[in-house]
Every structure is written in structure tokens, then in C-alpha cells.
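In what follows, structures are represented as C-alpha cells.
Shared chain: chain A. Partners: chain B in the first complex, chain C in the second.
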Partner chain A sequence: MKRVRVTPAGINLVFTGEEADLLASVAEQLSELLDGYEDRDGDPALERLLPDGYRENADDAEEFRRFTQTELVGEKVAGARGIADALKPRTAKGMASVTLGHPEAVVWLRSLNDIRLALAARLGIVDEGSPPPLDDNGYAIYIWLGQVQFLLLRAVDR
Partner chain B sequence: MKLDALSADQFEQLVTDELDLLPDDMIDGIENVGFTTASRPDDGSLGLLGLYTGVALTRRGQYGHGELPDHIVLYREPHLRISRDLDDLKLNIHVTLVHEIGHYYGLDDEELHKLGWG
Partner chain C sequence: MADTLERTDEDTDLRTVVEPDRPWITLVWNDPVNEMTYVAWVFKSYFGFSPAEARKRMLQVHNDGKAVVATGSREEMERHVYAMHGYGLWATLQKDDE
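And now, the complex of A and B:
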């Protein structure tokens, strides 16, 4: 992430080409993971993204899931695809410059959080006390996603 | 245009324009910095034009592990108070941006003052 700034046209985010490719790729991976959610029982990332509504009762949880999940998954997939698409165009200097209106920025925040949660589940990060993961690359991406979230949130919430 | 009537949006636009006009050398080295505007500093005073918060590049250890991104905010009313007209305002915004970005690169107030940047 190069910089985030607030302009009258919206919140402008500038990524290097490399960062944009990375973020687009993890966003695509999230949408693919969610697309297959029905066939992947027990996947820790999916359990983190789509937790049971009723933890005590499997039948209630299943019913809750049936009534709410299709829509929820659809929103999450659309959010992640939106990020990946927005990052494709490049400036003359090879950067990705994206300007988001307020509603779009809120969708980005949700989606960035989904990506970060899925990655955390993969890395075994559960809470602040979790030991640093062995996967250095994955952990660096996780930290970086948190910084992007932080910058965007501060710009939305100014 | 009377400067008193300059809206938050208009100020934001001027800051956006002045950022775009900064030399590439200065902008290209920036990583993970948020730029926003506000009407006044948190204490309500008019003496502060801008504020940099973060860990300057020269004081960083292993970058990227746990540090929060840096942030630069420019205050509208203090800028309006010291500016005679629109051109003067643009110049003052420019100086504040260079000053705060200077902090990001590790320069302190005294060094920036000696160099003529506020």
C-alpha cells in the first residue's frame, strides 16, 4: 500500500502493481473458497467466515444456515470479486489507483476482513495470544492486510 | 473568493491537487501513509497546521511487522487563518505537506525549519 487519501471524489487508494496483484489474487481465492462452501464441511476458513448461528443445536444451525447463507455467501463473493476487478487497471507508472465512494469503501472493509479471517484460519491465528505462524509469507500478507484495513477504516471514519 | 467560505470539500480538493503536484521523488518513497483533512486539531486550537503520526523511516526496526500505518492530517481552519488569498493558501498547504512528509522521512522540526519548510 502506497497511500490512502480522502478526496472530494471519494477515498483514493494507491497500490504498487505487485501489491495490487497480491490483493487481487487473495480476493479471487476468497471468492473461489466461498463458491464451493457447500462441499467443504469442516474447512476452518469457511467455519470462521460462516459460523453456526446456533452452537448448541445442529438442526437449528442447519436451518439458520439454509435461510441466510446463500445471500450472505453471494454478498461476500461479490465483494471479493469487486476488489479483484477494481485492481486490474494500472497507471502509467504501473500502480493501481482505486477511488471508492462511501458505500464501496464499506464493502471493501467487509471483504478485506473476510480475506484476513480466512487467512488467519489457515495460519492458525485465533486471537492475540496465538503464536506467530510458521508461514512467514502468509503472516506478512496477514499483517499487510491489517494495515490496509486500518488505513481504509481511518479514511472512512475520519 | 473569500477564504472564510472555503468548504471542507474545497480544502480537500486543494490538498489532493497539491499532493499530485509534489515531486515524484518525494511521493514515490511513501509506503503505507494515510492522508486526511480535518477542520481543527483535537484540542480546538488554530496554531497547528498539520500533524504526522507514525514511526519515521529512520526509526523503524523490522518494517511491516506490527507497526500501524503512518498518518498525515492537514487542518483547514488554521490554514485559512494564515493565508491571504487562494494562491497563498495553496503555498501554505504545499509547505505543510512537505513538512509532514519530511517527518515521515525522519527529519525533525528544527531540520525542517532550517531547510525553510515551516
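And now, the complex of A and C:
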């Protein structure tokens, strides 16, 4: 990320064109993944994004899921699409410059976290003792997303 | 519970005082992905904890594997769990064991 700045209009994030394409692409992938939530079939990324609300009672967990899941998925999909859409316009130099008010910045933080959760599940990062992922490229994206989230959080929480 | 409320027998008035339900709790579980600063920020901004309290509960999640972040009715705890899932935190609710 080129820059994070707090301005009177909100938090301004500037990405290179390449970074913006990458972030938009993973955000779109997240929304596509979530669109298929009804056929989750044990998919670890969906399991982690939409976990059980009850640990010990499968019936309660199922009922909680039935009452909340559609809305939860809707929120997460809207967040991811919001990121992808915001990154489309480019400056004359080919950069993406996005200014976020507080509520939008919070949606971005949540959605960046969702992307990291999904990517971590794909990379096999499941607990503190997980071995380093074999997919170097995927792992680099995961680390980079963590940095973007950290910088944005620092700007939000000041 | 429903049965108790529907009773009309005067004689049972004193004996049908219902023991208060054990409260429900919201637990947040440790995971290797969520950053500590993010978890503390969620606790602070959503539950309104002070920065010190938010940090304490975040460290409890990190070190003990889980922390109780709220206590109350089942409905309230379901709302909190839903909100935590929105933030990507791994949360569940259950009856308080203690």
C-alpha cells in the first residue's frame, strides 16, 4: 500500500494499480465463495467464516444457523463487493485512491479479516502450530492483507 | 416454564417460585488468524470495554484459548455471537457452567 492518511473527509488509502487489482480480486473471490454457502459440504473456509454458534448441541447450532446465516452471508458479501467496487476507479497515474468514512472503514476492516480467514483456511493455517504454508504466493498475499488491515485499524482506532 | 406460568391453582403460589435460570455466556475462542490488536479493538468498539479491559480479555483468549466476553439472557448472547461472527471472531454461546 502506498499510503494511509487521515484527512478531514475520512481515511484515505492509496494502492498501486497492481495492489488494487489483487485486493479487488481476492474480495471478489470471497463474495463468490460466500455465494455458494448453501453447498458448503465441509469447506474449511466457509466453516471458519460461518462457524457454529453452539459448540455442544448440534440442534441448537442448526437452528441458530437457520435464523442468522442468510443475513450474515449478506453482510459479508456486501462488504467484499464494496471493497472490489471502491478499487475500480484509478487516478491518472493508475493508482486507486479510496477515502473511507468511519462506518465504511469498519466494514473494510471486517471484510479484510474475512478474506484473511478464508485464505488462511486455504493455506492450512488452522492453529498456532500449523507449519508454514507451502504456497509462497498465497502466504505473501495473506501477510500483505494483514499489513493493510493493521494500518487501517491504526487509522480507525486513534 | 410455560406450564408454571399457566397455573391458576392458588395453593401452589408460593411453591412455584421458579429458580432463576442460570445465565448464558458468550465465549470467544482463540484462532491463529485474528490479530491481537484487531480482537482488542472489536471488544472495545462492540462491547464498550475500556482499552485495558479489552486488552485483558484479548490476552485471555490468546493465552487460555478462550474468554467469556458477555453474560445474560440467551437471546442477548445469540445477538452477541452473531455480531462476533460478523467481525470474524470465533464465538459461541452456552449456559454458564459455574
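One rule holds for everything that comes next: the second predicted complex is superposed on the first by the 155 of 158 C-alpha atoms of A that agree within 3 Å, B and C clash if a C-alpha of one lies under 4 Å from a C-alpha of the other, contacts with A are read in each partner's own complex, and residues count from 1 in each chain.
Throughout what follows, contacts are C-beta pairs under 8 Å (C-beta built on N, C-alpha and C of every residue); 3 or more make two chains touch, one makes a residue touch a chain.
These numbers come from a predicted model, not from an experiment.
After superposition on the shared chain, chain A has more residues touched by C, the comparison being chain B against chain C. After overlaying the two complexes on the shared chain, residue contacts for A:22 are found with neither chain B nor chain C.
Within the superposed three-chain model, A:140 lies in touch with chain B and out of touch with chain C [touch as defined at top]. Of the two partner chains, chain C is the only one touched by A:110; chain B is not. After overlaying the two complexes on the shared chain, residue contacts for A:120 are found with chain C alone; chain B is out of touch. Contacts of A:1 after superposition on the shared chain: chain B is touched, whereas chain C is not. Judged by the touch definition given at the top, the superposed model places A:72 against chain C, while chain B stays out of reach. When the two complexes are overlaid on their common chain A, residue A:151 makes contact with chain B while staying clear of chain C.
Contacts of A:56 after superposition: chain C is touched, whereas chain B is not reached.
Taken together, the two complexes place residues 150 of chain A in contact with chain B and also with chain C. Considering their complex, residues 48-56, 64, 68, 72, 75-76, 106, 109-110, 113-114, 116-117, 120, 125-128, 130, 146, 149-150, 153, 156-157 of chain A touch chain C.
In the complex of the two chains, the chain C residues touching chain A come out as 30-35, 37-38, 41, 44-45, 78, 81-82, 85-88, 90-94. Touching chain A in their complex are the following residues of chain B: 9-10, 12-13, 15-16, 19, 27, 30-38, 64-66, 68-69, 71. If you check the complex, the residues on chain A that touch chain B are 1-8, 12, 140, 143-144, 147, 150-151, 154-155, 158.
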